[in-house]
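Here chain A shows up in two complexes: once beside chain B, once beside chain C.
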Partner chain A sequence: MTPAISVTGLTRRYPDQVALDDVHLTIGTETITGLLGRNGAGKTTLLRILSGQEFPSSGSVRVLGSPPAENENVLRRLVLVREDQAYPDFKVSHALRAASFCYPNWDADLASSLLKDFGLRAGKAIKSLSRGQRSALGITIGLAARAEVTLFDEPYAGLDAVARQIFYDRLLAEYADFPRTVLLSTHLIDEAAALFENVVVIDRGRVVLDTAADGLRGMVTTVSGPVLAVDSFTEGRPVWERRGLGSQASVVMVGQVSGEDRERARSLGLDLTPLSLQQLVVRASGWAAGAGSLTERTSA
Partner chain B sequence: MNTMIKVARYHLVTPVMFLGLPWAPLAGAFAFALARDTSHGGLVFIFFMFFVTGMQRIGGRWLPFGLALGATRRSFYAGTALLGVSMSLVYGLVIAGLQAIERATGGWGLSITFFRVPHLLNGPWYATWLTSFVGLSALFVYGMWYGIVNRRWGMLGLLAFVAVQALVVLAYFWAGLDRPLTSVSALDLTGVIAALAVVFLAGGHATIRRVTV
Partner chain C sequence: MVREMAGLDEGGPLFAQVAERLAGEIADGGLAEGARVPSTNELAAFYRINPATAAKGINVLADEGLLDKRRGIGMFVAAGARATLLARRRAEFTGRYVEPLLTEATRLGIDADELIGLIKECSNERGGVAV
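For the complex of A and B:
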């Protein structure tokens, strides 16, 4: 089956920086993927290239089997919701009407029910919306478009916790009703972690982690307790970081923890805490500077 | 074609902004002409507004949202130009109609020649229609080209764009190719403007191909 998104050797250079550096990425159809990384890591550039709004310097990009740039057959099946989307001098209703005849699968009922959930008035001028309300408008367009490839770039900047929960719930419900390929870039990693089937981490223009989210859960664990017990438990295992405070130590250990390991930890009086996705991403981003990808390191 | 129509519909989501805007300054100028009992000159406003509208539709925020809705640059360009040219066709006819009324009413009862421009727009209705249609279209696509240059290269790009054109015009005069306007018939001039419009259209098309949003 053709992947929804396939990127090989993608590089985008600007006069003052390399935004994307030899990116390789494959995203299967009907999956939800988290695109994570720091500000300026290259997430937005990647999404803009995938949607044909920007051009690569080199490399190949395929969306739904074809290069997206200037390709109507791809672009009408794709939607990109950008945090910084510019709108003409429109009211909310104008933007939705324009979207309604541009997207073949547009669901007008869904759009109005999302507006209601977000408390957004259709008659309001877009330029007078708050940041959160603009995000709500972007999310409404992105979900109601029911596009085969749905790209969200930081879709919920300025949204309150309740509205964000509405987004997660509606995204999952919509995904169940009308499965599509979703690529979602976000900074609120732990909050959105449950949505992701796959996780891609970009740092300084390079992909440093590209893996199934399930595989990540429990892959890295913090072991803490008495120094001697910690050392004995982690002996011979790859270790990321070691901290000591008097007779206590805390070690970040890589690798799955078996039932047997848990039993042993309990008998040694150790605490095992799995690293959250967010902590993993922070480390993957930090590590990229000197040491290749997280997956490379952990296989050592 | 289908996407071009979608782009045209997109521009007409707020029809007043597109259809009404070019007339507002013209209406003001006409009211002024009536009140002061002065004559020609004010008609230039509608041509100017076509230039501004063309520039704004592609240089402003219409393009980024249009591309976000899945239009390609090519179809956005073609659809916008198609709409501008269609509007020129209709508005050219309106100008010809207003000119006929002006003639029939003896210059709105005040001997005003607002919709008649000596030599250029002073012939039969169909000549006025043709010349205004070509002039409005040319200014619309000319404005589009400015908008695209601005989006692609910013203010410096615009300045360079104007400078290059100024050099072309100067070279034209230095080479002694210029002739007094009155020695050229309105129809010939219309032909020259139509040829320029084609150049503008091709130039804008070449410029938009690598625009990013």
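For the complex of A and C:
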């Protein structure tokens, strides 16, 4: 099957910086992928290029099999919801009507039910919306568009935890009813982690991690306890970090922990604590100073 | 904040946790043999996880012959699944419960006789399990 998104050797240069640096990426059809990275890592530039709003300096970009730029056949099957999206319309209902003309699979009932969940009235003037309400409108449009390629760029500025939960639950329900390719950029990794089939981590314009999300869980573990026991347990294993205090040690160890390992740790009196996806991504992308990397990096 | 996932945690692959939960339900009789197993989408909505992850969890049990696939209807608990799972748990009992108990007892200087006494005392209080 043709992948939904296929990017090869994509570079985007601005006068003062390189936003994307030789990015290679393949996103399978009907998957939910988390696009993760620090602010300024290049996530927004990538999403803008995928949605034809910006052009590559070099490299090739294909969405639904074709280059997206100025390609009506691709763009009407794609929706991008941006952080702090601006709307030219007067009322919420006008923004929805405009969207219904743009997107062939638009579902008006779904849009009304999402507005209701978010507590947003269709008659409300857009300029009077709070930041969170504007985000709720963006999410409503993004989901009700039922576009084959659905891109969310940090879509929930100003949304509280309850409203974000509504977004995650509705996204999963919608994906189940009407599968589509979703790319969601976020820095709330722990919150959104379970939604993702794959995660792509970008750091300084480069892809530093591109893998199945579930495979990362339990892959890195903190082993702590008496120093001799910790050393014996972690011997011959890749280790990211080692700290000690008196007779106690704590070591961050890479590799799945088997049932046998667990028994052994227990008999040695060791505690095993897995790193969460967020902690893992932070380290993998070099967010924490001096941290090791899960992938080979070739940065200069 | 990690999202509430109906008891799943970030400690290991979610698909394995889903498989373990389903196996537990079958072993406890909550899912009887012949009963329909929740669909991928039902599990995904309940645990708030990606449907592909839920599907992988179901497939673990199907590959072990604990679930039967009926085309176009769904997955069902296979005959003999409960007995298989209970036998597996029994085999794991020593490693999972007895050995850690002994490790901690040794650390505290509790010998085997004292430990057996404690277990009997506890069991009598519950009026339950015969020791």
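The rule we apply is simple: the second predicted complex is superposed on the first by the 287 of 300 C-alpha atoms of A that agree within 3 Å, B and C clash if a C-alpha of one lies under 4 Å from a C-alpha of the other, contacts with A are read in each partner's own complex, and residues count from 1 in each chain.
Note that in this section a contact is a pair of C-beta atoms (placed from the backbone, for glycine too) under 8 Å apart; a residue touches a chain by one contact, two chains touch by 3 or more.
Computed from a prediction, not measured in an experiment: that's the story for all the values here.
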| item | value |
| --- | --- |
| First (chain B), second (chain C), both or neither touched by A:264 | neither |
| Contacts of A:13 with chain B and chain C, given as first, second, both or neither | neither |
| Contacts of A:71 with chain B and chain C, given as first, second, both or neither | first |
| Touched partner set for A:242, first chain B, second chain C, both or neither | neither |
| Contacts of A:124 with chain B and chain C, given as first, second, both or neither | neither |
| First (chain B), second (chain C), both or neither touched by A:97 | first |
| Partner chain(s) touched by A:79 [first = chain B, second = chain C, both, neither] | first |
| Which of chain B and chain C A:197 touches, first, second, both or neither | second |
| Contact footprint of chain A on chain C as seen in their complex | 1-3, 5, 8, 10-15, 41, 44-45, 47-53, 56, 95, 99-100, 103, 107 |
| Chain B-facing residues of chain A, complex | 48, 51-55, 70-72, 75-80, 82, 85-90, 94-95, 97-99, 101-103 |
| Partner chain A, residues of chain B touching it in the complex | 3, 6, 9-10, 13-14, 17, 60-62, 64-65, 67-75, 209-210, 212-213 |
| Interfacial residue positions of chain A with respect to chain C in the complex | 31-32, 161, 165, 168-169, 172-173, 175-176, 190-197, 213-215, 217-218, 259, 263, 266-267, 269, 274, 276-277 |
